[in-house]
Amino acid sequence: MSGIEVLRDDVSLDAPTLIEGLPGVGLVGKLATDHLAETFGMVHYANVHCDGLPPVATYEGGDRELTTPVRLYADRERDLLALRSDVPVSPAAAQEFATCLSEWYTDGEVTPVYLSGIGRERDEEETPALYGVGIGEGSERLAAVGIEAPEESGVVSGPTGALLSHAVRTGRTAVGLIVESTPQFPDPEAAARLIEEGIAPLLGVEMPVDDLRDHAEEIRRAKRRLARQMQEAEETSSQARPLGMYQ
Amino acid sequence: MSGIEVLRDDVSLDAPTLIEGLPGVGLVGKLATDHLAETFGMVHYANVHCDGLPPVATYEGGDRELTTPVRLYADRERDLLALRSDVPVSPAAAQEFATCLSEWYTDGEVTPVYLSGIGRERDEEETPALYGVGIGEGSERLAAVGIEAPEESGVVSGPTGALLSHAVRTGRTAVGLIVESTPQFPDPEAAARLIEEGIAPLLGVEMPVDDLRDHAEEIRRAKRRLARQMQEAEETSSQARPLGMYQ
Amino acid sequence: MSGIEVLRDDVSLDAPTLIEGLPGVGLVGKLATDHLAETFGMVHYANVHCDGLPPVATYEGGDRELTTPVRLYADRERDLLALRSDVPVSPAAAQEFATCLSEWYTDGEVTPVYLSGIGRERDEEETPALYGVGIGEGSERLAAVGIEAPEESGVVSGPTGALLSHAVRTGRTAVGLIVESTPQFPDPEAAARLIEEGIAPLLGVEMPVDDLRDHAEEIRRAKRRLARQMQEAEETSSQARPLGMYQ
Amino acid sequence: MSGIEVLRDDVSLDAPTLIEGLPGVGLVGKLATDHLAETFGMVHYANVHCDGLPPVATYEGGDRELTTPVRLYADRERDLLALRSDVPVSPAAAQEFATCLSEWYTDGEVTPVYLSGIGRERDEEETPALYGVGIGEGSERLAAVGIEAPEESGVVSGPTGALLSHAVRTGRTAVGLIVESTPQFPDPEAAARLIEEGIAPLLGVEMPVDDLRDHAEEIRRAKRRLARQMQEAEETSSQARPLGMYQ
Amino acid sequence: MSGIEVLRDDVSLDAPTLIEGLPGVGLVGKLATDHLAETFGMVHYANVHCDGLPPVATYEGGDRELTTPVRLYADRERDLLALRSDVPVSPAAAQEFATCLSEWYTDGEVTPVYLSGIGRERDEEETPALYGVGIGEGSERLAAVGIEAPEESGVVSGPTGALLSHAVRTGRTAVGLIVESTPQFPDPEAAARLIEEGIAPLLGVEMPVDDLRDHAEEIRRAKRRLARQMQEAEETSSQARPLGMYQ
């Protein structure tokens, strides 16, 4: 069986928004999506069996049931899907996933919001900048809630880049949120900002992010290994990069 | 000829349990399965010819007959199959094997029990913890005999991960037993524990493990080379790993 | 969707010339083409979705709309197309692109002008030499405007070599302009020369290049990273090389 | 043309035995087979064109005719075939060869005897042990002439392993002879033993091996380069290895 | 368009001989073939578009016309074809080329003469030995003009080995000339000898080689880079090697 295996037919969604949280540079997407899923108590909605994903099985503490490492979580109330992964995903696998996903729903039924960090050191008191990019009706959705266009030209690579590239190629609606994040460490502050200024306005919901800020140091320590893994895989890890005035 | 070649049509089995003992980290699965096969005097039941397995031939001391390096052994009395391998098996080959196997029996006819270590140093007097995970009716079987769910979230990789992943993908019943084992050395104590607390209850049989404990030092010495080989192939060797609270 | 996706059906062209500016040694093609596009205010005409291009998405500063990293720009007035890329392109991808492109127009409808540097150190007061090569009606076009044949035998490799090779293979009209450029640094002077003595006469237009000369040092600094990247990928980066009298 | 190209239709054979002499660890198989072919004056019977063999051409001193690097030699009188190779053969190519061969004759028409060394240092006065393994009617043929079963369990890898594996997979009759040989040097003494105690009894012929013993030092020196090549390619070179009591 | 593209239909040939001059160890084949083409004023007869050749385009000094890097030159008077390459060719590409070529003419219409060096140091006054090998009617052609068989057994590898191997496989007529050459440097003396004692007698023509001898030092210097490239690619560069009495 290849594709999206829905486990919860009882959860009905109506043109939901899909927040993508694959591990990338600074782990901003993963931190934000995991926070979202936990805060809203999202339910494990579907297993993802797309070709190219690593052949491993995962389990949650306290539960004997095995699952796929990449899964969709759902929140019926907020009409929301979250894509979570326990493992790094290669851009090639992300391309397969994009195809899987696009076979699963028709354009417009789901609005994907892809998340990426853009590496930039910042002082402690600085606020990381947030930009929105899109394709199809994505740009309009961003404009409607006042998320700014990027100041500089740039390129998004890695699995998130592959997902956005697939959207550009097929002309499907998609939104990309890009937040400045420290390149070397997990960046809970950037994830918090991503939620407050990007995801929350897009969804039209309130979402507390105090946890991310209060436990920033703890999170940073705990996630350091995964962040370094992402950092080392610069080639394949999701990130946006400025092209510069003269590239 | 690709697939499972049954050599003993005279051995009739009725919905048997299959214990998998491919070499993995700590060699716990292999030690336990080899012990099982020897203790019960299981007979060489089938040769495994699945694509992806190394093109080598094996023989047993005192016997001129050549066999495949991966074989099934059977115990008619206890309705039991054991999967034994003389060579390391790659996850890709394990995926092929899972397909071979699933073409050989229909879901429910055979209940596979896949074995994995999860690396953790322990003091001499400590008892290695054992967890059970499953898919399909696997979880129920574990609950029925009181094998606990894992405390922490985790991921099973390597050939055993590939076998479990195949089960998740196809929705077939499978059980996974995960035992704490020393990552660097063969761990007969963990294998003994795996049998006593996992395999024996699942099978509803008594199985002495004194041999494993009495000859622990000897076994460790003899198997060190294979264990190191598994250790070095961290990427592809079967093992469970905790995902951690924040991964 | 694979191929050339025209975004501006309102821009009608009549047998246009296509200037190729993929990043190569000395960045001469990219510098010249970017200068061309900016000077003439060329409009983003088409996205390029050919197989083999990196699965990334790009955006421009001040604009939320996502695009492909390789794009065509058009100038209706001068009947001109420019191929611009934000990312290095492998020769394999260039072969795919050549196929894409040749499926998009029939021979003669578009005249491609491929640009390459040929590494040679020069003193400050020296003028970099420029040569023209071609296939089909390409040679005649060069002769008509007096662009000289190369003095020495040579070979063009990298993506530009792949594009020219495709033209030779299919017998389609194509022009190649080869300019001496410093191998290690971006060479705005060579790009200026390429425009003045090659592109402008071919197009029969006037094109100021003062900007390239006035900001040479600034450009060199800004583009150094990309130039180095091209330099390191000697195998795959576009460049012409002399074969020498005895090779 | 892929397959076995018989050059000598005038040489008629009746259910011949095929001795395989591909280069492997200790070169025992090659030394024995080359000795056999020279002693019996076997004629160049067929060229082997199987896919996977290196695309090279070979010639013999004093002869202008080009041949394939892998060839079959025949002895009509003794109903014998010898497989000789001038180049190392990878296990993958050996698998192709096994398929080629099995398409060329039907089971039982040819009895292949595959040769392998098993690395073990020995004192000068020691005699290298010899074991026989088989599949199909192979074991019976060994028993009939009193060639002993191996004492310890083991695995045969490399091209010879691939050939034996193919026989196991297809259930065709095949014999394997395994002789102890020094792992690092060519071992003419082991090759002599292989002939005296293995090949000669199986064929029911007398075969002098004095040459191998008298020129042992000379042979060792001359073949050292090829032996080292085999030694370095431990992964792919034919050899048997003990699995050990506990592997 | 894949295959041989004839550019000069006006040049009619009648069962021509084809001299192959791909770059190999010592560059003997290339030096000899280039000398041949220049001495006889051979015309650019065909472009070679076979798959596997590098996707580059070449040009000659003083000429704007682009060509393929591998080309055939013809001499109508002497009924001669010369295969020349501006780039190293891999054995895999040579296999493709052999297939291309064999689809272009039927056996017997063209007699290919493949050239290879066999590395051997020699004193200044020594004359490099020359041998001929062949398949089909090749051996007879060699015998007819008195070119000797090789003294020792040997193997020809690299692109020339692939071309000869293809001839052996398909049973087509082909000739191989093997000349002793210094392995590390371009060897104009060996190329001269190859022409005088091999190519000239086979073609039944006179061919001055004074140029090669008079400018030996100059040629050596000029070609050193290409020779070293060939030397480093020992695996894939054309060369013959002795198998030795005991290999």
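Order of writing sets the chain letters: A, B, C, D and E. Residues in each chain are counted from 1.
The working rule: contacts are C-beta pairs under 8 Å (C-beta built on N, C-alpha and C of every residue); 3 or more make two chains touch, one makes a residue touch a chain.
Predicted model, so just to flag it, every value in this text is computed and none were measured.
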Using direct touches as single steps, what is the fewest number of steps from chain A over to chain D? 2
Residue numbers at the chain C-chain E contact, same meaning over half shared and different meaning under half, come out as different
Using CA atom averages as chain centres, what separation in Å is found between chain B and chain D? 36
Using Cα averages as centroids, what's the distance between chain A and chain E in whole Å? 59
Report the order of chains around the ring; begin at chain D and proceed in the direction of chain E. D, E, C, A, B
Given the complex with chain A, which residues does chain C contribute to the contact? 1, 30, 47, 49, 54-69, 86-87, 218-219, 222-223, 226
Note which residues of chain E are touching chain D in the complex, please. 91, 94-95, 132-135, 138-139, 142-143, 149-157, 161-162, 164-171, 174, 176, 243-247
